[in-house]
Amino acid sequence: MAKTNPGRFFEDYRLGEVIEHAAPRTVGEGERALYHALYPARHALYSSDVFAAQSGLEGSPIDDLAAFHVVFGKTVPDISLNAVANLGYAEGRWLRPVYPGDTLRAVSEVIGLKQNSNGKTGVVWVRTTGLNQMDEPVLSYVRWVMVRKSDLDAPAPDTVVPDLKSTLAADDLAIPEGLDFSGYDFALAGEPHRWGDYEVGEVIDHVDGVTIEEAEHMIATRLWQNTAKVHFDATFRPDGQRLIYGGHVISMARALSFNGLANAQMIVGLNGGAHANPCFAGLTVKAWSVVLDKAETPAPGVGAIRLRLVATSDGSVGKLKGADGKYLPGVLLDLDYWALMPV
Amino acid sequence: MAKTNPGRFFEDYRLGEVIEHAAPRTVGEGERALYHALYPARHALYSSDVFAAQSGLEGSPIDDLAAFHVVFGKTVPDISLNAVANLGYAEGRWLRPVYPGDTLRAVSEVIGLKQNSNGKTGVVWVRTTGLNQMDEPVLSYVRWVMVRKSDLDAPAPDTVVPDLKSTLAADDLAIPEGLDFSGYDFALAGEPHRWGDYEVGEVIDHVDGVTIEEAEHMIATRLWQNTAKVHFDATFRPDGQRLIYGGHVISMARALSFNGLANAQMIVGLNGGAHANPCFAGLTVKAWSVVLDKAETPAPGVGAIRLRLVATSDGSVGKLKGADGKYLPGVLLDLDYWALMPV
Amino acid sequence: MAKTNPGRFFEDYRLGEVIEHAAPRTVGEGERALYHALYPARHALYSSDVFAAQSGLEGSPIDDLAAFHVVFGKTVPDISLNAVANLGYAEGRWLRPVYPGDTLRAVSEVIGLKQNSNGKTGVVWVRTTGLNQMDEPVLSYVRWVMVRKSDLDAPAPDTVVPDLKSTLAADDLAIPEGLDFSGYDFALAGEPHRWGDYEVGEVIDHVDGVTIEEAEHMIATRLWQNTAKVHFDATFRPDGQRLIYGGHVISMARALSFNGLANAQMIVGLNGGAHANPCFAGLTVKAWSVVLDKAETPAPGVGAIRLRLVATSDGSVGKLKGADGKYLPGVLLDLDYWALMPV
């Protein structure tokens, strides 16, 4: 048993430590097809090589969230195997599209540590970077998790809480080289609504829903090589339920948001996110969005839109938290991201 | 909510109108693998690049029905989102094989309109064409659906019922350029039975069966980017059941028909089809065929065979309709198609 | 019905007969992605083209077990459609990596026959070889099955029981050309344990578990074009259960063994294997291994390790058989194989 990975505990992390995650992964046409099979993904830029080429890219990239999941999945054995809770995300930036044939690996730096007052757990902040086979960064984000201590007598580290941006500014967003929406074909993309048609504060009910199956979330989560037992092993939790990987809900909600946001093509920034309530098989995921902000970009025909994407299990729209400030029980996900749209 | 697609209603269609469907889709090796994972597909021409090359093709094409599903899926948001019933198919012709790397899009022309006497619904006929990235047609078919009116006061259009062929003639079939079965390897293909061995009227019980799972039909239906809520959202129908996309049953039955029709390699014509009864998860799909017609073709070693393919949920063979002329309850699908076989 | 494959019965096999199996299959990136989606596979050599290239291969091969399943699947219609039991494997050798784009076919030679004393069944031994599009052998193994007689009056053949090695020697193993682990990156591979760190007799509990779903094992089994009714048709067995293809359990257990054996990269030999108890959906598969032997190899930095891999449905570790010599009820699989590791 000494050879299996017990995961890291809170006292195992050192500020400034850099963790190289296993195992690198080549993503290709198979991953692209599976993404479309697992989620109702229809954004044209990720569906058609021709549409992507007409938008100035070299071809249709792997979905931005698929790239995120692959990078995230690699971090699980080192970061969250003994996590009690996934507390938050910040400063997520997509830096370069991932194309079929690219090989991704992930590296994390410990940027914050804070032992909890109970002495049994602590919070670890890491900045994770996904790199391709050219060692070019494709993605970077900060995540913090609450991790158990194994040795309760281990001394508490100095508390360092990183100073994180609550929201990325438009200037922080990386626009893929060559991206050009000036010849954008709205008919082929599926909706006529351009960046200029959206108003800050506007709420969009995405209408469609998907009832979640065990086989599907496990197929997805394995595809990202995420190894957390709680997603796969029905004997792991006392209630016999498999907790669904939060990223599965993110991708499902984002794909559902096509209906009303078909032109919010590329995700380029993640300001924050909360898995508000656990998701289990049998629930029906629906989604709504609200426009939080808009910004111009230097790329031709390209605007940036900041969106709150909310996934629900009860079909509610526009309601997020109760009077007590807590998420309502029907809210699964609250995600704050920047996307690029044709102006 | 104004930004989501409400779908079109009967009064929204105009005779002669051409609808360009979103979103184009690049199909590749991933879609090919998924087709083999979702259906027990074994036809050698679609399984082996080598076998396909020996048959005069440039490689193994994407399954003919996968091409159909991709094209069909694109039409759903514009044609059948508010459909009450999928009434029929006619004049389906596969015009060119689809290869990995091809990008498909779909265009439909409204060729018929007829308001029903109840004033609440109408029938819309469309001729849909699938095109590849060279703008070459790969597939064409007529489909008619019953669609609800939203504005019951909208005037009824002039009734135009298109004149459709009840059956394609052998001359109507497009034989892929270069197709040559004169060196066909029956051992590798899996069965010794050639075109000459089949007699009109012969019934073939395909013996094998597959019990349908929710995860599988949803994975398949999403892969074709078909967005009809009824397939995915268990809260949509009052009975809590997800109706299975009719095309899933078509592909399942066709794949099962390998056992007895392993050499009916390519589907080139669709004369008609009826989804006789709804299909739900838990049913076990089996299939039988009857030979309806045979014809020679100009391609070397290639014959055409017209088949009725029947999918059942009760394992019955050879029985289609009751004394009342209605489909028996155990019949799921009644499909009339032309395939190409080695003579 | 005369045209469907009834399968072969015991009296249909002749000693020395060579059976060419249908249908050839091109495997590609799609199959690679699906393998990672269906099993928690993380071995770096099969995950990353870059890691594989750094190990001297031309790219990341299709998983060794995926190659096995494709070859095995082709034999089912000819060998085991009427099998009562899958009795054993021996002398399995992986001879050459399978790369995306390769087309595999399978050929079997009947090397042994023995009618059982009840006169109703017999044992058939076949040596199956998988070949690529260059007609190069990629895989070879012996399998024996108990098959029913259809004609009980058919005379018994002369009994010939092949002389099989109980264990392959290290010299019997084919090391892929160019394989070189001298620059092996243990951090990227996921574990620090090298060949030298394992001791004969050492038991490794792989800790992780996966609860099996019907959709997943059917998707996997279809992907290998395995057509045995018992895996797909819930009406086939009197108890309404679908028996899970034994190879699904093999792949699941092997993938789970990453945790503790992440560096046992390539499977090159199969000494034997038993599907100890049937597996059904709903069971949670876990795995443990014991080191049976170790050997040096001529390839730079490459050692061979012989492992017993045991899959269980009850999470037990280290226990295989009861006092009566029979497998314990919680044991699903007992597999004896050789793998290659960095020394």
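Here are some notes:
So that you can tell them apart, the chains are marked A, B and C in the order they are listed, and the count of residues begins at 1 in each.
Simple rule for what comes next: a residue touches a chain if its C-beta (ideal position, glycine included) is under 8 Å from a C-beta of that chain, and two chains touch if they have at least 3 such contacts.
This structure is a prediction, so every number in the text was calculated from the model and none was measured.
Rounded to the nearest 5, the angle that brings the Cα atoms of chain B onto chain C is 120°. Residue numbering at the chain A/chain C interface overlaps only partly, since under half of the positions present are found in both copies.
Note: centroid distance chain A to chain C, computed from Cα atoms, is 36 Å. Residue numbers of chain C whose C-beta contacts span two or more other chains: 28-31, 33-34, 213-216, 219. Within the complex formed with chain A, the residues of chain C that make contact are 28-34, 36-44, 47-51, 60, 187-191, 193, 197, 204-211, 213-216, 219, 259-262, 284, 315.
For chain A in complex with chain C, the residues that touch the partner chain are 1, 3-5, 20, 22-26, 28-31, 33-34, 77, 100-101, 103, 105, 133, 213-216, 218-220, 222-223, 225, 227, 229, 232-236, 242.
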